[in-house]
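Take a look at the structures below.
Two complexes come next, and they have one chain in common, chain A, joined by chain B in the first and chain C in the second.
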Partner chain A sequence: MEVPVAIRPAGQEPVDASLATKSAPAASPFSRLARATALSDQQYKWVLLLPAIVVIFLLAIFPMAFAFVVTFTNWDLYLVDPPKFIGLDQWIRVLTDIGFLIPARNTIVFAAGAVTFEFLVGLIVALALNNCGRGRTFFRIAFLLPLMVSPVAVAFIMGRTMFDPSVGPAHDILVSLGMMPIPWLIDSFWAMITLIIVDSWGGTAFMILMLTAGLQSLPQEPSEAAKVDGASEWQNLRYVTLPLLAPVMVTAVLIRSLDAFKVVDIIATITGGGPGNATESLTLRVYNIAVRGGDVSYGATAGYGLVIIMTVFTVLYLLATRSSVSAAIGRER
Partner chain B sequence: MQAKKLTSRREFIRLGTIGAASAVILVACAQAPAAPTEVPKAAAPTQAPAAATPTQAPAAAPTQAPAAATPTQAPAAAKPTVAATPAAQPKPASKEQVVLRYAGLTSMGESLIKWTKDWLDAKNYKVELSAYDQQSLPEKIVQAAATRTYIADMIQIGPNESIGLKAAGYVKEVPTDVLKTVSWDEVAPIFRRLLGYKGKIYALPYDGDAHSAAFRGDVFADADNQTKFKAKYGYAMDAELGPKDWVEYRNYAEFFTGSDWNKTGKKDGFGFAHMTKRNDTLFWGFFSRAAAYAKHPDNPSFFFDVKTMKPRINNPAFVRAVKEWKEECDKWSPPGGGTQLGWGNVIEAYTGNRAAMCIGWGDHGTNSQNPETSIIKGKSRYSMTPGSKEVYNDSSGKFESMQAVSYAPFIAYGGWSLSIPRDSKNPEAAFDWGGYCASLDISNKMVPAWTGANPIRNSQFTDVKIYTGNTDAKWDEKEALSYMKSIKDTISHPNAVADLRILGFFEYVHPLEEAVATVMAGQADPQKALDQCATAWDTITKKFGVDTQRELYADAIGAV
Partner chain C sequence: MKQARLVRSIVVYAILIVWSLYLFFPLYWLFIAAFKTQLDFSRYATYLPWVDFTPSIKPFVTVFGGTGMDATSPFKNSIVIALGSSIIALILGSMAGYALARYDFRAGRIRNEHIILFLITQRMFPVAVLAVPYLLMFRELNLLDTQLGMIIGELAFATPFVAWLVRDFFAGLPREIDESALIDGCSRLQVLRYIAFPLGAPGLVAAFILVFIGSWNDYFLALVLTFSQGITVPLFIQMQSSLVTGVTPWANIAVITLVSILPPVIAGLALQRYITRGLTLGAVK
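On to the complex of A and B.
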């Protein structure tokens, strides 16, 4: 393309197009391919999105649709006959199964306890990291390391081994300090506490990651203005920083809550749902029914029930936090 | 100088996207499925000092007829001749390497591959192990069968869940020539039965499972313990056969709890360790405890009434068993013993010198020989699980007092076996290798060591040299004799309890474990919990068809 005369550097003459045509090298295979498959911008958009669409379809949409269809059948892996359509029978069975009440209670207790603990600790650490001068990078990496470890490995080493009621280090430390040993995995209450502690290993790291990123992205002017107006550190935090951080906090809590609702790996590894059914979660129950027991259609129905519950929770949660988020966005503007 | 023609950014992105997508697809197609990681075992606890050598000779036991098949079967020979293993394989080595995929437990699979390595090399076979843990292996196989997905050329499967696979035609019938190579007639009759379905054989013998009791014979024989025990309970401890019924078992457990019988310098010994963990092996642990009360010698029914298929699980026998078991575990087993001990934990507690007794599969004996995890090698003795002088009678609806102790050993699980799925890519080679894996030679190497394979052949209940001569385990002769006798008595007892071998086995496990676990945790009333379990079992039975399940159950317990 010829450079316009007005902005062409002094002394430079326009390139003779005929010379370019006469002496241009032969078109490369890439160029020929490009000309042959010339696509518009709109079409390029879809080409670039296509791999992601295919992956999401194969790994998410198709399985969900298939599972939904299965909820209307009597598919059981141990049934010799092929599955049959049975209408809403499985849905009625799930809705009337009181066996889900205790796992539902356990799941809510676990999610509430774990997320609250992880959020509070994560926020404190994030605030500290934000104000940290030296060693910030080191501490950031150190606090994020738990995210890189397999949850099952953490569950086994921390939960099963460290909190073993007889030979675990947690037991030994308490006894050596002259304290009464805690029945970590034996008592219903302490078993739930153990699970929350183990889950916090990774959950807190996630909170730190999210909240640190949020704090880093906040504008500095409101905080500086507040200082100029004589606000204390606490007032600055409470009336300026935290409200501005609200959207990030809401998102982080929502993501961790949804993760906590789905918990199965650490429970299966540490307590197996025990003692009794004191730590059995909804997902573990679905696993026992569908995967271990082979009653796939009932398990799929129960799984969809859990999806509905989590969707309702998400909607209600977002509605409840809408005002805080809007206020924060208003302030930023 | 001519300007170099550059690829435009758009072109670059387009071609890069195509290339990346192609690479992902190619890599995904080339990947083999990853094997699940095995949960590592916990470290063994500290040392125990050497214990006194038992001085009593083993008591002679009456010859028992084999159980569970039919009451009229001939008793096993005292010393059956060992069938010779074929020296050479009938099929020559393959010209091209044959790759076989084997879906099995991590430890057992690795042992099999290790012991058959030379044979595999000679035949030009290569085995890829798809390793799974004990809970997920049956699930994966059943899922593969139901979805018609190839999982392996040979699978390791148990009788409980394989009945559905056999009924559905998922596994191939074992050819006659392969049966010849595994010395079929040498396999104990009770286990031969479990490998078949409707008169045909669908699995190769590999492992014989039944529950027996293990206890510290050295500790029982200790003179000081003997004196104190007799003074307290009025009868002498039996250092060779242990407690005979559940009353004695409770006495022994109480006596050894809170004392320094294990010579650690602290009173940290416990009476016993049983498997009580949910989603682990609670199902088998409970029925081992309950069998003596619930299995009447005159009634073949145990889990269900064999005529009506009504669950018996909530009758007074099972209710009493779970009540007593809870009390025993709360008082006389290690912390968490009532709810948190899986089979692995039980072995650790027993071989780690913390529990004086345990009940479970023959692994308690083989793991006692492992120098890396056991400190009680040579000190154990074994017997059938305790019996009872009170047994519940369905006809009268009451507990009946028996003149002698009534035993009802539980043939728990029945043993892993090797089968070839119908979609095996190399069925001939798979049967070839499977036949060698199930041969007497390999079996005699696997059974005495801590491989997970328990005695299954007649010679393994009588020929002590298999154990004392094993290069890994090197059993003490007296211990080996006690071990063999306990398992032989168990599997040949006329009142032995066959495990539940009907469709949807694991669907029955879940409500049972939930009921028992909640009682053991003090969260539920025993009768109410077992009533709920019975209702759930009834629903499951109706789903699969009462007649179908009754036919299978009757076949499993030999009441056809």
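On to the complex of A and C.
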């Protein structure tokens, strides 16, 4: 198909009207609407963009600003007194409250454990998938499956029924192998491990998808050149493939980490934050403070606490990986 | 050499098969769990139908036959909310995405790339911050525990994502097609109707499926905004499985869970070719 190249910049009307309307029926409702409204092309661009911008402003930017203002008040839904501005009290409260610091620690431990595990397993599976000949399409599509299943469903199937302390397979198999049963959901350490295992079902699928796509987009020449120069397969992987893959790894880990910091659904379904508050995440804490407890000011402040943790993490992570990524690429040059 | 290749094949397939087992066992477990009775859950773990338990369709009857736990209202809510928010987000988002791919915007120092980056950062933003303002705003507007409130809430995440994904898709189609149609005398609306949207259909379908899956599977927004009439399926599953009093109705929840994962899984697998780029957030070409 030959595509005529535009000489005129988009937006100007053609001079000769008889050239018009070859590609579209003239009397369609669209052309009538267009003629009736008679906007210029430069006006259309705002008509197209603005509705979405208005929605995002009303539902994201304004609420965030509103929440920020609320952090300086003492608004409580269950108190009759009208809210007053109290300055930085809520922020000071966040920094000293064990009810914020413990969920903050839980969230960081969960994110670190889950993302590390998912990255390592995801990398191994992605490399296997990339080296697989027969059945590759089947495995590739099957490994996408967890990305479509809701975390609550996974949490129910795995966390609740499979890790059930008395009738779940995770208990049953250990016992039939003659091993000590593990107190999966009762002990605070094992409850966190259970959450990480359940999260890895979906999280590793994301890593596999990202890293497989990254591996496939790598140029072939460097690894072929290394082969010609006599590099072993292991050397090729270690010194050619993985350094080239580094930028994709950095992105995958960042996206997955930011998602892991927001964890709430699997925790609410499996442990509800327990035992005690050993697995309560910050997002679940915000819900407990603000929606169940009615203390919206403190809930908003705790929510901003999570934003600050995620921002600090992102900045440090990008600073730390920028040097390693450029070093990895530099070594190849 | 030949031996090395054989060893490599064995290692590769061993990894793939182990991961497949890890992947499919929970799905198998859910599938058989939906055909177990409450009694099968209370004694010991059972793995094989007809060998160590007798499959029964009684839980399906209890859940969808109106003889006990009623899951029809959460399912109706989930369908209305997921479809409603995805359709509105698709309309608003694809208009904005097309505009960002085809026009140059200038507002002060803001350019197209700033808007595009802002759209994708919305995907990363913690929803915990929005919990409080949404609760207060929706309470004021009497939208708590309603389908409309949930549709509006979901738009906050779906609209920027659709706009970003559709922009990304149109950026990969040559501008010259649109421009030549404009020179031939089409109006911009005609270009959209007869050229851009038909050519961009794969991108629009991918965007729709991804936001539908996201909205269908979303839990936290429903947790904040709904509590009885408006609850969605994920919230229903979580509430039923964490009942403080009484016996957890395992068999019934298993049925609901099994039915609830079917729409996104079928849609996602059928259209997996189109949605990969959206799932990786454009990080990989």
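One rule holds for everything that comes next: the second predicted complex is superposed on the first by the 268 of 333 C-alpha atoms of A that agree within 3 Å, B and C clash if a C-alpha of one lies under 4 Å from a C-alpha of the other, contacts with A are read in each partner's own complex, and residues count from 1 in each chain.
Going forward, contacts are C-beta pairs under 8 Å (C-beta built on N, C-alpha and C of every residue); 3 or more make two chains touch, one makes a residue touch a chain.
This one's a predicted model, so the numbers in the text were calculated from it and none came from an experiment.
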item	value
Partner chain in contact with A:292 - chain B first, chain C second, else both or neither	first
Partner chain(s) touched by A:228 [first = chain B, second = chain C, both, neither]	neither
First, second, both or neither for A:156, with chain B first and chain C second	both
Partner chain(s) touched by A:273 [first = chain B, second = chain C, both, neither]	first
Partner chain(s) touched by A:262 [first = chain B, second = chain C, both, neither]	second
Touching partner for A:167 - first (chain B), second (chain C), both, neither	both
Which superposed partner A:180 touches (first chain B, second chain C, both, neither)	neither
Touching partner for A:79 - first (chain B), second (chain C), both, neither	first
Touched chain A residues, chain B compared with chain C	C
Contacts of A:51 with chain B and chain C, given as first, second, both or neither	both
Shared chain A surface residues [contacts with chain B and with chain C]	20, 23-24, 28, 30-31, 33-34, 44, 47-48, 51, 152, 156, 160-161, 167, 268-269, 272, 291, 296
Chain C - residues contacting chain A, complex	4, 8, 11-13, 15-16, 19-20, 22-24, 26-27, 29-30, 33, 41-45, 47, 92-93, 95-96, 98-100, 102-103, 105, 119, 122, 124-137, 152-153, 155-156, 159-160, 163, 174-190, 193-195, 213, 216-217, 219-220, 223-224, 234-235, 237-238, 241-242, 248, 250, 253-254, 257, 260-261, 264-265, 267-269, 272, 276, 279-281, 283-285
Touching residues on chain A, where the partner in the complex is chain C	3-8, 10-11, 13-14, 17, 19-24, 28, 30-31, 33-35, 41, 44-45, 47-49, 51-53, 55-56, 59-60, 62-64, 66-67, 70, 121, 124-125, 128-129, 131-132, 135, 139, 141-158, 160-162, 167-169, 171-172, 201, 205-206, 209-210, 213-214, 217, 233, 248, 251-252, 255, 258, 261-262, 264-265, 268-269, 272, 282-283, 286-287, 290-291, 296, 299-300, 302-304, 306-307, 310
Of chain B, residues touching chain A in the complex	2-3, 5, 7-8, 10-11, 13-15, 17, 20-21, 24, 37, 39-40, 42, 45, 135, 139, 142-143, 145-146, 161, 164, 167-168, 277-280, 334-336, 338-340, 342, 354, 503-507, 509-510, 514, 517-524, 543-544
Complex contacts: residues of chain A adjacent to chain B	20, 23-25, 28, 30-31, 33-34, 37, 39, 44, 47-48, 50-51, 74, 76-80, 99, 152, 156, 160-161, 164-167, 181, 183, 185-186, 188, 268-269, 271-278, 288-289, 291-296
